[in-house]
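For clarity, chains are labelled A, B, C and D in written order, and residue numbers in each chain start from 1.
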Amino acid sequence: MNSFGRIFRVHIFGESHGECVGITIDGCPAGLALSVGDFTADIERRKPGAKGTTPRKEDDLPIIKSGLFNGKTTGAPITILFENKNTRSADYEKLRAVPRPGHADFTASKKFGGYEDYRGSGHFSGRLTVCLVAAGVIAKKLLHTIEINSAIIEIGGEKDLEKGLQKAIDAKDSVGGIVECTVKNLPAGLGEPFFDSAESLLSHAVFAIPAVRGIEFGTGFAAAKMFGSQHNDALKDVTGSTFTNHAGGIVGGITNNNELVFRIAIKPTSSTPIEQKTLNIETGEIENFSVKGRHDLCIALRVPVILEAVTAFVLADLMLIEQKIPRVIST
Amino acid sequence: MNSFGRIFRVHIFGESHGECVGITIDGCPAGLALSVGDFTADIERRKPGAKGTTPRKEDDLPIIKSGLFNGKTTGAPITILFENKNTRSADYEKLRAVPRPGHADFTASKKFGGYEDYRGSGHFSGRLTVCLVAAGVIAKKLLHTIEINSAIIEIGGEKDLEKGLQKAIDAKDSVGGIVECTVKNLPAGLGEPFFDSAESLLSHAVFAIPAVRGIEFGTGFAAAKMFGSQHNDALKDVTGSTFTNHAGGIVGGITNNNELVFRIAIKPTSSTPIEQKTLNIETGEIENFSVKGRHDLCIALRVPVILEAVTAFVLADLMLIEQKIPRVIST
Amino acid sequence: MNSFGRIFRVHIFGESHGECVGITIDGCPAGLALSVGDFTADIERRKPGAKGTTPRKEDDLPIIKSGLFNGKTTGAPITILFENKNTRSADYEKLRAVPRPGHADFTASKKFGGYEDYRGSGHFSGRLTVCLVAAGVIAKKLLHTIEINSAIIEIGGEKDLEKGLQKAIDAKDSVGGIVECTVKNLPAGLGEPFFDSAESLLSHAVFAIPAVRGIEFGTGFAAAKMFGSQHNDALKDVTGSTFTNHAGGIVGGITNNNELVFRIAIKPTSSTPIEQKTLNIETGEIENFSVKGRHDLCIALRVPVILEAVTAFVLADLMLIEQKIPRVIST
Amino acid sequence: MNSFGRIFRVHIFGESHGECVGITIDGCPAGLALSVGDFTADIERRKPGAKGTTPRKEDDLPIIKSGLFNGKTTGAPITILFENKNTRSADYEKLRAVPRPGHADFTASKKFGGYEDYRGSGHFSGRLTVCLVAAGVIAKKLLHTIEINSAIIEIGGEKDLEKGLQKAIDAKDSVGGIVECTVKNLPAGLGEPFFDSAESLLSHAVFAIPAVRGIEFGTGFAAAKMFGSQHNDALKDVTGSTFTNHAGGIVGGITNNNELVFRIAIKPTSSTPIEQKTLNIETGEIENFSVKGRHDLCIALRVPVILEAVTAFVLADLMLIEQKIPRVIST
């Protein structure tokens, strides 16, 4: 459902064109210093405005409604809201009969019997990822000795990112990309056999990010083309350091004290300026369809900070389960 | 932990060289006809013996200890054991000081303080996948109108599977592979926003299978190289059928009534006949290491039926949540 | 944690003297008609103002932030806030060194290392029960054919409630009470063996209500004094109706189509006008202590509607698990 | 479902007259010394044979199938089976048309469509409580500094237990009783707001024990008759010790470092030698009915060790969540 985690738990809610989106973070240790300012940097990183991202202006100020007292977390649930402003619902309402290709319009309608808030993808909107970022900010503070970094490493099939983006601009189309995440200083021993392997939990959370189509750890799909003697990482010393890191920091579902490395594939933005065909559900006719709203040419550009965030809250939960973060932070 | 699912729940236990491995399936509807014979075909498919798989003979007879009465499920938990026979623990005990590269030996020891049953990977062994297959058999019977198929589509980087395998034999090394799973006749509407998307739950369960390094849905990683206008699947009719299926049957985390398609990357078997280097934890020296036990040259060969099984129990759970399978099967 | 339920799930947050208290209801079927007006009656019933309740005026207007569209639930999480107004934090802040007897002041401080919001019991305040009432309103609408009623049946040891309350007023002290809940038209078959018996889930939720000290089903504690031949309820017909109802509608943890009946014991309000002794944690001295704030003489007076609410959301969850409520309400 | 716990998790399975009953304990820390002998004392305490208990001889030898290696727990799930011997199914099979009053026969049949294993109450049998005892033995070893004790304090309404039992023998009927549980040396801070209060979790688990009809903490139902000034426990010192213990060791849902005290009501054994009336479902007639099988005159006599067991595994889970038990026991 809209919840994730065992000890450090997140509960997400809200719709793109409703009053707000929000998230409740439950199980966060007490005593963690936290202020609205802590959120600024990561929320800015997610914001549109750069080349290839939507010009829609979002005023993403986190409103902390609970769980904070005298500048520190209290151990009670932290609920954070982001108000929705500057929405233009009219852009979407006329599309009701014409499910947008690549969007959740059709599947949401099938699942929720047409009662879903369809405006701007409603609860399925990428807008909700700002909530993930907020949860990630808190998780990162808990994991302060651990360094989580994400970056786009490919756009539209190009390692030269400018070139990949230009391809989209030239074609007046949208493009996808690949985002890599690395985590340094992660202790060994995180991940729970059998079903809660580190990869299982990370991928579970990662596929909640809209537009993700694949995930691979370490050498990933390329490992399927290797010999065992090439792929195996030989131990270097008793800390668990290995000479190579094809495993990407996880063996047997458990972290091994090497750098955690994984990559995700982001599909091209479904909303593309190119005219496409789709079904008009009311008339039963195939119609030409073209998106007029404000959208990202390459949604992957906004994903790195979101990927860091989900990685952070998955790891924070595993650290709490493994008792490597205490339930009260004493300063 | 060792549990998975919300309504249709599986709990796995056991070790490779202990008395048995086993699984409890809880939440299975009552009234489903089930016999030991139902397990034969899938368990045979998982068995070694074919070219490229280990000659270790496993007598995998499911012993149903509970939850079955007069040939039908009762609604109470179904516990199934598989006894371990023909184990040669001595093969492994001498390796205690020398964690095998690519295996969970080191990480398990770090996590469980050296108390883990290390013989033959213990609880981390591929041996436990016979339990997944058993749960899959039951789930498939629940999903009898739905067709789940998995197959290897690449071995050692070769689409010609014989050729890929021969490569490993020639090199006296192990190889990896890619396994594809397709599901036909799956209804639209399965998957739960936000965190329990169909991809999230499938990938969560899939990464519990040892040796999986990546998963991709539909066009997957290749989608990251496409334009939006190419990747979008246009609706063909009101059932949700689309002209193309780049999405692989899931949009917005919810099934869309098209064929579900995903692929997983399997790393080369960690146990390779090739001599490798690894650390001797007791002496602190890097030693030459060579596996003498019975192992698969290509573990991917045994994965298809396992992949079908986890797919089946994930989908059975989603179908129960969505009330598309009743809690009592009336015949 | 702050979550309850398997399909119909509630997540509670907020503090007595923070900005708001709130609740997220996840897993509610789509298509349920809902308006702010639906909450009025039950919220009024919980309000203070009657004889024996606190004069603190709470303006309890539910603010629905998500999950509602065109007057119907969407299937997405419903988040409801209640703003805190008219709080007088100064009443509490001076009590920091003097944990109030009977309150969570001391235990919260031990658990959360002193970082908890201690004002007016913070997250432990009875104020949060307005959120339970809100969730109950939605659950009751889902259970519209089922009749849930709670009433006080004893105050301060007296069946005559006026008399019991007068006792408290005369003694200038607070009193406890007993609240009974009955549920009519509940179908047979609700409750899940082994650990999710109907009594298990109801009692789990009920003990989240502050001040509850006991629960008993049917004849309850009196059953321990009966003979088996007296206590057993003989079946009357194939619907499950019994001649007597000592079991209170649940046998073997599963509802049996008779009236569900249970009672809970509410302790006297911890805040009593009577002067008491307590420890000053800073000085280590035992001090005289007297409550000056606004409080209920008998908190039990406000419990019936809260008890109905938790009963309703427990039953709604069991009904969804048992597939007796659909995931989309078609009108 | 048949699972309980967040970190220390138990999964129960089996039927009274099937091959076995069993339990899987998942999340138990690694490194805990454990042997079959550890189970003897508590299993003996649960055994029948004393005055008032059934003469059915159960040879309750725990068979540990997994999770134990070299005499210590491994961190992997511990599955324990108890074989069923000496069962006389014929006693029960003839009762199919005549649901026994007070038993789960009718409700189980309604819930599971008649597919349930009805022999000797099947999965609803008190037989499964031997599994609870086994889980309790492990939990108690984890909690070795904490002292859990249960005892019957009333039988058939009599504090003099011999007298209460004689009442049943004289009346050739069954009687109920009250069992008290106390826990010494429990640290403060256990229990999780809002829904996982210590009382919530204890009562959840307690009501899974067959025949429990009520639970009360501390002064319990009697608290409802007290004044606040009487009921409040004044703090004595900074450890949390109070002059009185009406709260029974839990305030605000969290343990307060005083003795935990609670009582449960056990109904009279449903199977009584007294002839009763019940419905014959096949004929629709009310028939005379009399139990011929082997049964306990007072099932409460066997409950204390079971109550200790569920108390122990609830507390072990809370201790792990609160990080007061490590994930690896170093000796």
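Note that in this section a residue touches a chain if its C-beta (ideal position, glycine included) is under 8 Å from a C-beta of that chain, and two chains touch if they have at least 3 such contacts.
Since we're looking at a predicted model, the values are computed, not measured.
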Is the number of contacting C-beta pairs greater for A-D or for A-B?
A-B
Return the chain whose centre of C-alpha atoms lies at maximal distance from the corresponding centre of chain C.
B
So, what's the distance in Å between the C-alpha centres of chain C and chain A?
37
Find the geometric centre of each of chain A and chain D from their Cα atoms only, then give the gap between the two centres in Å, rounded to an integer.
44
Whole-Å gap between the CA centroids of chain A and chain B
26
Chain C: which residues touch two or more other chains?
1-3, 12, 76, 111, 123, 193, 322
Would you tell me which residues of chain A are touching chain C in their complex?
1-3, 9, 11-15, 18-22, 24, 26-27, 30-31, 65-67, 69-70, 72-79, 81, 111-113, 115-117, 122-123, 328, 330
Give the list of chain A residues in touch with chain D in this complex.
6-7, 76, 193, 321-323, 326-327
Residue set of chain C touching chain D in the complex reads 1-4, 10, 12, 99, 101-104, 106-108, 110-111, 121, 123-124, 128, 154, 156-157, 168, 171, 173-178, 188-189, 191-197, 199-201, 203-208, 210, 212-238, 240, 242-243, 246-248, 251-257, 265-272, 274, 276-279, 281, 284, 286, 300, 322
